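Going in written order, the chains are labelled A, B, C, D, E and F, and every chain counts its residues from 1.
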Amino acid sequence: MELTLVIGSANQRLGDAVALILEPDRADPVVERFPDGELHVTLPHSLRGNDVYVLQSTGPPVDQQLMELLLLVDACRRGGAGRITTVIPYFGYARQDRRRAPGEAIAARVVADLLRAVRVDRVLVVDPHTPGLEAVFEMPLDALSAVPVLAAGLRPTLPTDAVVVAPDLGAVKRAESYAALLGLPMVIVRKRRISGTSVRAEEVVGAIDGRVPVIIDDMISTGATVCAAMQALLEHGARASVLVAATHGLFVGPAPQRLRELPIEHLVVTDSLPSAVGLPPSAEVVSIDRLLADAIRRLHDDQPLDDLVLFA
Amino acid sequence: MELTLVIGSANQRLGDAVALILEPDRADPVVERFPDGELHVTLPHSLRGNDVYVLQSTGPPVDQQLMELLLLVDACRRGGAGRITTVIPYFGYARQDRRRAPGEAIAARVVADLLRAVRVDRVLVVDPHTPGLEAVFEMPLDALSAVPVLAAGLRPTLPTDAVVVAPDLGAVKRAESYAALLGLPMVIVRKRRISGTSVRAEEVVGAIDGRVPVIIDDMISTGATVCAAMQALLEHGARASVLVAATHGLFVGPAPQRLRELPIEHLVVTDSLPSAVGLPPSAEVVSIDRLLADAIRRLHDDQPLDDLVLFA
Amino acid sequence: MELTLVIGSANQRLGDAVALILEPDRADPVVERFPDGELHVTLPHSLRGNDVYVLQSTGPPVDQQLMELLLLVDACRRGGAGRITTVIPYFGYARQDRRRAPGEAIAARVVADLLRAVRVDRVLVVDPHTPGLEAVFEMPLDALSAVPVLAAGLRPTLPTDAVVVAPDLGAVKRAESYAALLGLPMVIVRKRRISGTSVRAEEVVGAIDGRVPVIIDDMISTGATVCAAMQALLEHGARASVLVAATHGLFVGPAPQRLRELPIEHLVVTDSLPSAVGLPPSAEVVSIDRLLADAIRRLHDDQPLDDLVLFA
Amino acid sequence: MELTLVIGSANQRLGDAVALILEPDRADPVVERFPDGELHVTLPHSLRGNDVYVLQSTGPPVDQQLMELLLLVDACRRGGAGRITTVIPYFGYARQDRRRAPGEAIAARVVADLLRAVRVDRVLVVDPHTPGLEAVFEMPLDALSAVPVLAAGLRPTLPTDAVVVAPDLGAVKRAESYAALLGLPMVIVRKRRISGTSVRAEEVVGAIDGRVPVIIDDMISTGATVCAAMQALLEHGARASVLVAATHGLFVGPAPQRLRELPIEHLVVTDSLPSAVGLPPSAEVVSIDRLLADAIRRLHDDQPLDDLVLFA
Amino acid sequence: MELTLVIGSANQRLGDAVALILEPDRADPVVERFPDGELHVTLPHSLRGNDVYVLQSTGPPVDQQLMELLLLVDACRRGGAGRITTVIPYFGYARQDRRRAPGEAIAARVVADLLRAVRVDRVLVVDPHTPGLEAVFEMPLDALSAVPVLAAGLRPTLPTDAVVVAPDLGAVKRAESYAALLGLPMVIVRKRRISGTSVRAEEVVGAIDGRVPVIIDDMISTGATVCAAMQALLEHGARASVLVAATHGLFVGPAPQRLRELPIEHLVVTDSLPSAVGLPPSAEVVSIDRLLADAIRRLHDDQPLDDLVLFA
Amino acid sequence: MELTLVIGSANQRLGDAVALILEPDRADPVVERFPDGELHVTLPHSLRGNDVYVLQSTGPPVDQQLMELLLLVDACRRGGAGRITTVIPYFGYARQDRRRAPGEAIAARVVADLLRAVRVDRVLVVDPHTPGLEAVFEMPLDALSAVPVLAAGLRPTLPTDAVVVAPDLGAVKRAESYAALLGLPMVIVRKRRISGTSVRAEEVVGAIDGRVPVIIDDMISTGATVCAAMQALLEHGARASVLVAATHGLFVGPAPQRLRELPIEHLVVTDSLPSAVGLPPSAEVVSIDRLLADAIRRLHDDQPLDDLVLFA
């Protein structure tokens, strides 16, 4: 089976970079949007019998990106693809992984079911928000970790008295992974409910006084989590300087404004999503091209992914 | 089972009108869009055991409307709905009902499979572009006809020498239905390939000389079909005055401009989609609220839909 | 994977011809019918791991042919076939592709679901009556076109003043394909409802006066369509001489009698179905053996079928 | 839910008799066969929400009867039936319940999968050839026993020295049921392989000398089993007089001739299949109308079937 | 539909208590184990058309309890149950909800798939270990919370200076629920990796000095978590007195011994599992009978469960 | 695809023997049981793309063995196995292959559905109790026959006047297979109901007087069948010496005691299950290692199994 790469419109540059490394058969789809907004995809040549990797993040605008992914998979299947792996560097809707109130949907499961509906054989994601995502999918899913790439990006600017910070409880596992790679201690910020009222305050667990925080998270969306954590850290005596690392840089809404107001020395994100505008000058984008190319190559060659995956 | 109506954001006004007639239990969902563009839906109260009708057209922006529909269905199902019928007045992606070139997807089938993936029990649509749509769905689908409603809308302004016009071959069946209801003759416009070259010209089949055309179609998207038909009709001696009727008024792109340049006496569309802006003053919107309310009521009461459906 | 051909009893001669070209592994099944009419099939040797093509038209008697196809597929699957493609030159029940009246079944979808039930991987058909058939199937379906073969069959007897005739609206796309290949103009015959009554008359669209019609269709069943078209063409001044081409020659009921009464110079059909008796002397059967062999070979070699398929 | 009975063409008289007892809503389908042999079914009125029972044996011609059943179920489902139970008095293809040689299909499982493909909810059969049939179906299946009806039919002509005979090992369980109801002893006939050669002889197990055999079986097809058993019984001293009872009377091929040559005093079969021609004068048909009506009524009323079923 | 309760052997006493409250139709199954260890279940009477609730925890011995549950569901379905809800107070294998190392299975998903394989319609669990369990199931799952029951059990012995303790990060959400109900502050114990080595130490987050800890968790298995937490709390100055609450009391292996060595004032667990032996005298079992009866009654009456569920 | 063997804990020794012959890639799983009794499996290295055979009998304790099998398959699938064949020498729950009383489950079908739920591609069993087992499975199943191995084991001690004995009707087909291989006559023992009462007596069909019985069966569970048969044979004049052969030696409950009391010259069973304790000195275990290795090798090499399978 020939290795074919189909690059969706959400990751054009990252896809080109992966292709430069892999040198696969490329089937660059024509993705049109009709005047009524309907997508229309066409693959340029036959994929019959090939081992096809469809690369498409489902970031903003998430519904269009998702629909494009589904149509690309359908086109691959009808065109005779031998095996279809979707490579979704940023997996949207991951946060809706359970009902948090009556009457909700479970969007992450819906997306998993939609991918099954078009008969995807296998899924690759990078640092999904939900650690148990694979149990939600019927087909095998592997979650690659960009933490080594990001840690390497942080290292040149890392002060000796830095401390890895998990900005909420959901980030603790990931922070431990950073701390191990960087040889640093770790502190946790968590929201504490103030008894008797509904007000919440940030609580800092661990020693941060006089040290430089390295706030890490799986994604930066509006920047609210990073800002709240930084405020709490400063109140607990952290140095007024911060490093930030996150796999997915969405930077939506007030994020650019918020980040510019923080004393960020270095902000590192990957190119799982196209670059945002208005980022602070300290921002750096490190690429996951080698990570993805390595994972795709191994899958194609039937080699294990184990050391590329962050097991919990 | 109680009859519950869930109105999606694509058809708020039509839904309200249907609800006024049906007086169902209403479960008006809260549909939010997070800063990163992800949809979040919440049903306001339990639907446990109810006979639920989710009303949502999948018009522009089609991918968001579709995703909202899928999430609403998932929320209904997890909340214990007894039976879920999706009522999709305008069914998007219907035109991609086969591969017209190698490498394409079949988007209409993909959408059918997505609705199956969230376990819809039954589907209602109105005048879909693809007449054989029901064979594409695994669950039963009924296609209601808005032609009687539109024909009634045309009647007050109908000149005695009017002729129903099918602007292409795909519209012939529907034009016959109008012609029968209005007691008018019919002509057909079709694109003819001019032998030896790739140029195509419009051909008019039937007598139009000196008569007023009533161009009908299932939808008006960019207005190109209506414009091309009108030009051909004028060249064949039609009166410089035209009536137009279509179930679905998308009016995207150059449509408002194009339509304003035509000598349209009366343009009738339904409210299957929210009203467009910039329509010509001759435009009238007739409501399918009674049609939908009637169909929903009958389904709930286990009565046949037969006379509401246009069988081919 | 070895290429294995399993020839059902419906296409014994065509299958032999295909096998002569392909030189595949042949697994000629023993197909018995017990005294109570039950079919019993046995494959002669193991197909374990093979790339199996089961050739069986589902023409008259359609239910037996279909059941034989389903049992052959089951025997292949239980015997370990690696991949099963059904090659169905004539796909029966295609005309029942939607409900045309309340209370009907959709037989074409039922057949598609039966083929899925025995887990067919892929389907090949030739010129199916329903152009959107592929959207009805869950597995990939490719519709080969026999038009080039039939056009080549017509060419030697083609007068210079011939005109391709679509005998009804459903045949227009196919007629355009003939017209393009033969470099001829095209006319359309359609049934026109005579206003105020339920009587219908044939209408001829395009210039036929003094010219020789070449009536084409996907199939000739009872011959009624061809006869009605010819009568209308003669009334519009066509020469009293006609050529006829159709992919599938069923020739059931009054067909032989009807065709003998027409001034047919040349009638060309393929061998998608076994030869009928009582055909006019002008009848010629051209073989689709090379078309099928070519398609099977390409599928086996993972090559595209694109130029063998008539995209609409 | 209203109880609706849909009577297929295979059991018209039995269906009428069941309907006389049940007085259900009747939805008598129009079953046409087109000139090309394709079936076309239409239900006369809406079944929306009803509890539908489709009655159709799959006897000769088995493939047509089966296809009619599948199309009727599809029409019921698309028409909105609330629940669909197929009542198949004679279930064809039951004997092909395993592969008895390499390369075979398992037709009984294929039929079970076809019924699942059209989404039958539940199945009723009468005395199927395969006792473990229910494990082959995904949906619940109940096997009614006609033995009490047949035993009652035998009783008036039963000599006091009668002996129930199982004509092969597969009939032993059923023979025990007859013997218990009639208060008679039982003997078994089995084919014995004569060591060293492939010749087989019939062996009689139990005392038959001077007694009247009552040969029972689930079905009489060509009559071969009954004839061979009778010959062996006569060789072992049975009286030259015999009673025969079988649920399903197919009487195909040489059966009428063979049976006329036997000294049959009384032959009792049910009306699970339409009456055959050329039966001996001693033949009597007893009806399972009450058995089926009783079972359908109980299913509709959610009552147990237990005493109508022969558990093994 | 009649409400029927089927009580599996894992929860005989709890089931009896639920039945006393609900007064349902009871279908007490006969559950035998053959000499070879194979389970055999029989329902005592028909459940045809009923709304059936099968109550069975899947605690130790988990595989037998699970198999019994699967067989009971199959017996219900074949017997014609109208709707089947499995009520699984303790859901085993929940901790294997993702792969924590290469080569593992995801047992929680396997169990979800097994329940789907026997066609369960709906699932009720109580305080599952995995908060996102519902996204792992295809059918709707509701997770009832026993925290109010347990909090009520704690209240009589609660000192005024008590502090709710989450013994690890996974217990924080649940601890917040207790803290809110009891009006107490909360502290967290977490395992901290000591940098440079693989040794881990317990870290206590929040003020515990001189106060009485109330350690809460979803389950007590070997008691290791509670013991480690208590040791850390004591080291941080907690009073040498502790209250413990957990929904599920497995008390396997060294648990009784370990617990007896702790200064436990009051230990409260529910009867989701049968009582263990050797518990400390301070142990109290509070019943979830009313919780389950209430939930079942509401599901049967199509009422919402919302306030019985702990949304995260 | 590389051939990989995964040996479950139920057949460790047999698996080692098979591996010695096949010399496959071995992926010996770590199978742990947690203190709460939950299984945890881990595969030692990647199986990505391999042709994997999971060997696990489902004998006592059947539920644990079955669950281990299901988890091993899940681990293989998630780890990327290319194809998964379960090799189940002893298939438990086979006797529950139909409902023998109202209210029962069909455990054999449940197990088949569970194996489908974890997406097994193919199943191999040895001499299953139910001859029609393959029709119960959705995926292809082949039933290997150990009769040649057992017959070879009997031959050295076979007296010249031996007679093969089928101890009940279900064993007749298998006894015929032995008789043919050994060149011996056959007799049948069956339970005869004594008319008018519920007492049953054993009946012996065929000549046994003065001869040595060779009782054969698919399995020896409690030994009851063999004992009852022997008693009847002795009463009919058999020599007080017996040979016994069975594929599966469960020897549960009173079996060792019962067998020691019989005059068994030679008892032969296979190693489909681990050796029991307390067997009589005359017991011999013959290995099916070559049979399994041969079958696995052929499946891997896409060769037919036909002569290894006992077709009925």
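In the analysis below, contacts are C-beta pairs under 8 Å (C-beta built on N, C-alpha and C of every residue); 3 or more make two chains touch, one makes a residue touch a chain.
Just so you know, these numbers come straight off a predicted model, no measurement behind them.
Engineer: Between chain C and chain F, which partner chains are common?
Structural biologist: Chains in contact with chain C as well as chain F: A, D.
Engineer: Farthest chain from chain E, comparing Cα centres?
Structural biologist: C
Engineer: If I list every residue number at the interface of chain C and chain D, are over half of them used by both copies, so same, or under half, so different?
Structural biologist: Same: when the shared numbers are divided by all numbers used, the fraction is over half.
Engineer: Roughly how many whole angstrom separate the Cα centroids of chain D and chain F?
Structural biologist: 34
Engineer: Using mean CA coordinates as chain centres, what's the gap between chain C and chain E in Å?
Structural biologist: Distance between chain centres, rounded to whole Å: 62 Å.
Engineer: Let me have the rounded angstrom distance from the C-alpha centre of chain A over to the C-alpha centre of chain F, please.
Structural biologist: So the centre of chain A lies 51 Å away from the centre of chain F.
Engineer: In whole angstrom, how far does the Cα centroid of chain A sit from the Cα centroid of chain B?
Structural biologist: Here the centre of chain B sits 39 Å away from the centre of chain A.
Engineer: Enumerate the residues of chain C that touch no fewer than two other chains.
Structural biologist: 45-46, 78-79, 99, 101-102, 106, 109, 134, 304, 306
Engineer: Per the touch rule above, enumerate the chain pairs that touch, sorted by label.
Structural biologist: All chain pairs meeting the touch criterion are A-B, A-C, A-E, A-F, B-C, B-D, B-E, C-D, C-F, D-E, D-F, E-F.
Engineer: Which stretch or stretches of chain B touch chain A in the complex?
Structural biologist: 29, 35-46, 59-64, 66-67, 70-72, 74-75, 78-79, 92-93, 95-96, 99, 101-107, 109-110, 113-114, 116-118, 221-222, 250, 252-253
Engineer: Where on chain C is chain A touching in the complex?
Structural biologist: Chain C reaches chain A through residues 122, 134, 140, 299, 302-304, 306.
Engineer: In the complex of these two chains, what residues of chain E are touching chain D?
Structural biologist: Touch list, chain E to chain D: 45-46, 48-50, 77-80, 82.
Engineer: Note which residues of chain A are touching chain E in the complex, please.
Structural biologist: Against chain E, chain A makes touches at 97-102, 106, 108-109, 130-132, 134-136, 169, 172, 176, 179-180, 183-185, 188, 190, 193, 195-196, 203, 205-206, 304, 306, 309, 311-312.
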